[in-house]
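The data blocks that follow each hold one structure.
Here come two complexes built around chain A, the first alongside chain B, the second alongside chain C.
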Partner chain A sequence: MLRNSRTERLVALVLVAPFMAIYLLAFVYPTVQMFRISFTDAPLIGAGRWVGLDNYLRLDNDPMFRRAVWNTAYFVLMTVVPGTLIALLIALGVSRLKGRFQAIVLALFFLPYILPVSVVYLIWDWTLNFQFGIAMHALDWLGIPRVPVFKSRLWFLPAVAGVTIWWTAGFSILLFLAGLRSIPAEIYEAAALDNSTRWTTFRRITWPLLWPITSLVLTIQLILQLKIFDQVYLFSIGGRPNDNMVLVYYVFQKAFQQNQGGRAAAVAVTLFVLVVVVSVLQFQLLRFAERRRR
Partner chain B sequence: MNFRKMMAIAVVAAGGFWVVAAQAEETVAWWDFLGGGDGVRMKQMISDFNAAHAGKIKIDATTLEWGTPFYAKVQTSVAVGEAPDVMTYHASRIPLAVSQDILEEITADDMSKMGLSASDFAQTTMGAVTVDGKQYAVPLDTHPIVLYYNRDLLKKAGVLGGDGRPVGMGNKEEFTATLQKLKDAGVEFPLGSVTADGNFMYRTIYSLVCQQGGELLTGNEFLAGDNPEKLARALAVLQGWTKAGLQSTYTDYPATVALFTSGKAAMMINGVWEVPTMTDLAKQGKLFDWGAVEIPVIFDKPCTYADSHSFAIPKNKGKEISPEKRAAVLEVISWMDKHSLFWATAGHIPAYKPVTETAEYKAMEPNATYSTLTANMIFDPKSPKAGVAGPIFDIMSNYFVPTLNGEMEPGEAVKSIKEELNSM
Partner chain C sequence: MNVMAAQRWNFWGGIITALTLVWAILWAFPLYWGVISSLKPDDEVVRPYIELWPETPTLENYIDALTTTQIGAWYVNSVAVAVGVTVITIFISMLCGYAISQLRFPGRIALWWLILASFMVPISALIINHFVLVANLGLINSWAGIMLPQLIHPVIIIVYKQFFDQVPKDFREAAVMDNASEFGILFKIYMPMNWGVTTALSIVCFIWTWNAFLWPFLSVTRTEIMTITVGITQVNDAFGVYYARQLSAAVLAGLPVALAYLFFQRRVTEAITLSAGIKG
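Here is the complex of A and B:
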């Protein structure tokens, strides 16, 4: 049968139109507005005067912005690669289990992932509360001085990073398990016949065949952690020092607490560009690493 | 009459009834941020109001999250015409709200319709809701901070005076000695302080700056002249108490209240809004003998930070309030103020003078003990940058937690605060 390309195009248009409409309205339009507002001195609500590049030039000499960039980078460093490695190790362990037992263990690891962030915050805030937390009583019992985990400058970001890994590892584990299951058993059999050691099997077979999954997990984690906000905000309730400042928090502070919409938009644009550049860069690097291996 | 006809008549009748009812009853959408013990009292007042105005006015109340979430929501809802008809508002936030043009003016005509006059309120309180001679809200109360104390523990340590109040309230050395005696008597935390919450400590620290005659904003400059030294001295006193083990470290708000009510902390500086917590516990026989007094004088003169819960009418963009609705809102505000004797059981000091002048209020404890402090109150500086969860509040409180717990030196914190405030 001859295909009518005009009808085809029409059908295609009808099918993608609802999505495109929402995408334009809820993503493209606000993004364009964000760029526009970043060149004005607008408050949180309403229009402002055009100030050109002022908001961006002020960022250059803004210690709080520099700290936000540094803290975001520090947080990414503590979560992305360690989180991915931990998930890989757990997935390797879980894949050795069989049947229902495996399902139960996997469910246990996946459970935190389904919790909303506010619940995650409450669990850990109660556990590690400086005055009343269970963990503090454990420290007392062991004779170790109490640590104000979420309240001190030193411990805050590492602690939030730990909680974040605990919270999000379940999803990465699931991806790794799917990857591990897609590696044909015959390859392992052949390796066993060749007297390959466990380490060699992992290094020469599992790791390279799992690389596409690894790079996917790394990319997802990187984008997610660059946008870190919820946990930092919740654990900072009560006005934590600016030492905890991360980029999205800075946007929030400028816009909602200091009523400076224009400056907040400038930070948001910077973060937007940063996420695009870093994720494209990482994606290219990972592809390069993969190609070289072949 | 057939069935269809009967149904039609029934529908018309029901519809007609509904229209009559809708015309008679005005529903007032109400937002507040009163989530604590005082919120329970406010809910009681709202249901009393509704009962007294059955068929005429009904308050449809929603309680939202205190602080930044509340005020951000008010701004965005006003911008799109979805704001409530009336809302509670901190007097300290009014200059900011006026600069954002989100509040309706309360005219002299409105005041007379409510049966209120400016002279029914303290001048400082009325001044706090007025910008450039125009009034933007009606004060409900003033809510300062006070010093709560545990009489049993104080008596044991020998620091309870003959009048049932703590001794050593006159200067820094005396008060520190009182705390030290409590420590020596085996009290774990002589003073329970919200040292993990800079937002909260803002009130105490601002009081201590004021006790030295200092101010945050002079003209357009933040911390001008010798005010940085005054702020640093206030921080140093509090840090000193932490270092000497006289107050609780890294303690958040709920934990502070728990330390006090469980008897681990002998004293606590907190807002009057915790009074209901204490009275309710005491009523159930679960609390020691307690009291609340004006905070101690640490420096040169008594001074206590206060703010005022007031009622404001949002300027709903593109959906202006109807005259009927406005009349209903004014009735709500007026009724609440005139019945604020019950609000005083939430610890607050009613702003409406005819209430505080009654014999019933004067006999009310512990309000009567601390109501003297109204003479020594200071409100936030009048600036669009001031106010609860506003820019000044936010910037300053960010530096308090590390300083109070000894991670940062007062001088360093003050230098950063000054820089950040002035570069806003």
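Here is the complex of A and C:
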């Protein structure tokens, strides 16, 4: 086909320009700035002195930073794999249902995902309210002593992890359902003819064919949960945020509450690098696992 | 398949279906409990026993929430910001996706990789520099300030590019034969074709923006500029221990997105599976 390459370039430039302008302004420029100020002792707003690697070296002896790293890792551990498994189980159950009925049941599982985090917070704060929460009535009924979950150091992160799984599972369930739908029915018919058991069918057919989706869900969840902030912040209101410190919370505290832009940027860069490295690693790892299955 | 196997199959199938139903009801129960509690008068909501339906249902909490807080203003802010972000994001992403898919220009591949890579970058790591940028532009406490860092959703460009890739080349060739201009091809031929994708992506973009918390929370200090998602966390102070009023504010904040989902259920699920890069 004949193409007039000069007009084509010009048109392309016009079409790409609006996105590029915003992308450079709101993404590339802030990213470059983040790296730059992490080497200075700048406050939140304003210039600072060049201090080299000082901000990074200080992180090594910073107990709060360590706590933030461990809490983030702990939170990721409690949400990513359990959340993915729960979503898979739900998707397997929902995929058996038919038509309108399936849509209703799916809506029940999916609705939490649609809600803003502050709505999720208010609902769970109420459900788990120490005095009046319905969950506490349930504990009484089972004879288990009540726990003020969001005020307890032991239970805070597990409880927030549980709420997060409840909140975000809808997304993973949808992806698993899409994956299950794309498995041809003939394969299952053939398996049924061979008298294979439910478990064998799952292990030999569903699971391998669903593996690409599973790895996608795991990757998305991992990137998402490393950035945990909103829930931890909201549930910490009136509690002890320093005990529940996570990485983004630490960036927020350093920059916006202690006015230490440079130190905060060093933590932000660490998170940035961590997310990129972890997602690249996981991508490679999952691809390797997939290849070994073949 | 022999009869025994068929029966065993159906028995376990029935159990799994029943378990799924029970699970679904338990899963959605906190939502029900929140809504029901918001309809109870003050003295009823703190009763020490479980009441699955309000004895005297009342809208008092809603009236209170609407009149004593700035929920009205927060609604206006949320709608303005969510509509603004959605319109701008969808428009610039469609243009960019079209260019990458259909046109040949230097830097095309590099741009595509840049967009794919930015999928991995944690936007929340950029909050400090977003704040500095928006403050320097004088946009703290403004709709534009809340919108600016939220205008970048690489995944929408990715979906558009993949959609345009799948349109048969004949359309384009025929239009070029007719001497149609590039813009003519995009707006008269390709755009009408992608209404379905555009609606689906617009709904999810609207929901994402409506629900955004961290950035709107940081970039706004004056109560009357808050979006509703941020605003309702303030009613704790205003309402203290009046749980039912807090919950009615929560219902008001969640209602628009819940309704959007229920009305456009198929579009939403379609957009989400599309945006994760799989065809359902």
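Methods note: the second predicted complex is superposed on the first by the 284 of 294 C-alpha atoms of A that agree within 3 Å, B and C clash if a C-alpha of one lies under 4 Å from a C-alpha of the other, contacts with A are read in each partner's own complex, and residues count from 1 in each chain.
Everything that follows uses one rule, which is that a contact is a pair of C-beta atoms (placed from the backbone, for glycine too) under 8 Å apart; a residue touches a chain by one contact, two chains touch by 3 or more.
All values derive from a computational prediction rather than experimental measurement.
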Touched partner set for A:S152, first chain B, second chain C, both or neither: first
Contacts of A:M64 with chain B and chain C, given as first, second, both or neither: first
First (chain B), second (chain C), both or neither touched by A:F256: both
Superposed model, chain A: greater residue contact from chain B or chain C: C
Which of chain B and chain C A:L222 touches, first, second, both or neither: neither
Contacts of A:A161 with chain B and chain C, given as first, second, both or neither: neither
Which superposed partner A:F132 touches (first chain B, second chain C, both, neither): both
Partner chain in contact with A:I45 - chain B first, chain C second, else both or neither: both
Overlapping contact positions on chain A, where the chain C interface meets the chain B interface: 44-45, 129, 131-132, 237, 256
Touch list for chain B against partner chain A, complex: 68, 72, 75-76, 78-79, 96, 100, 194, 196-200, 248-253, 255, 258-259, 389-391, 394-395, 397-402, 405, 407-408, 420, 424
Footprint of chain C on chain A - complex, ascending: 1, 3, 5, 7-9, 11-13, 15-16, 18-20, 22-23, 25-27, 29-31, 33-34, 37, 44-45, 90, 92-94, 96-97, 103, 105-112, 114-119, 121-124, 126-127, 129, 131-132, 134, 137, 166, 171, 174-175, 177-179, 181-182, 192-193, 195, 198, 213, 216, 220, 223, 226-227, 229-230, 234, 237, 248, 251-252, 255-256, 261, 264-265, 268-269, 271-272, 275-276, 279-280
Of chain A, residues touching chain B in the complex: 43-46, 64, 129-132, 148, 151-153, 237-243, 253, 256-260
In the complex, chain C residues that touch chain A: 1-2, 5, 9, 12-13, 16-17, 19-21, 23-25, 27-28, 30-31, 33-34, 37, 45-50, 91-93, 95-96, 98-100, 103-106, 108, 111, 118, 120-122, 124-133, 135, 148-149, 151-152, 157, 173, 176, 182-183, 186, 207, 210-211, 213-214, 218, 228-230, 232-233, 236, 243, 246-247, 249-251, 253-254, 257-258, 260-262, 265, 268-269, 272-273, 276-280
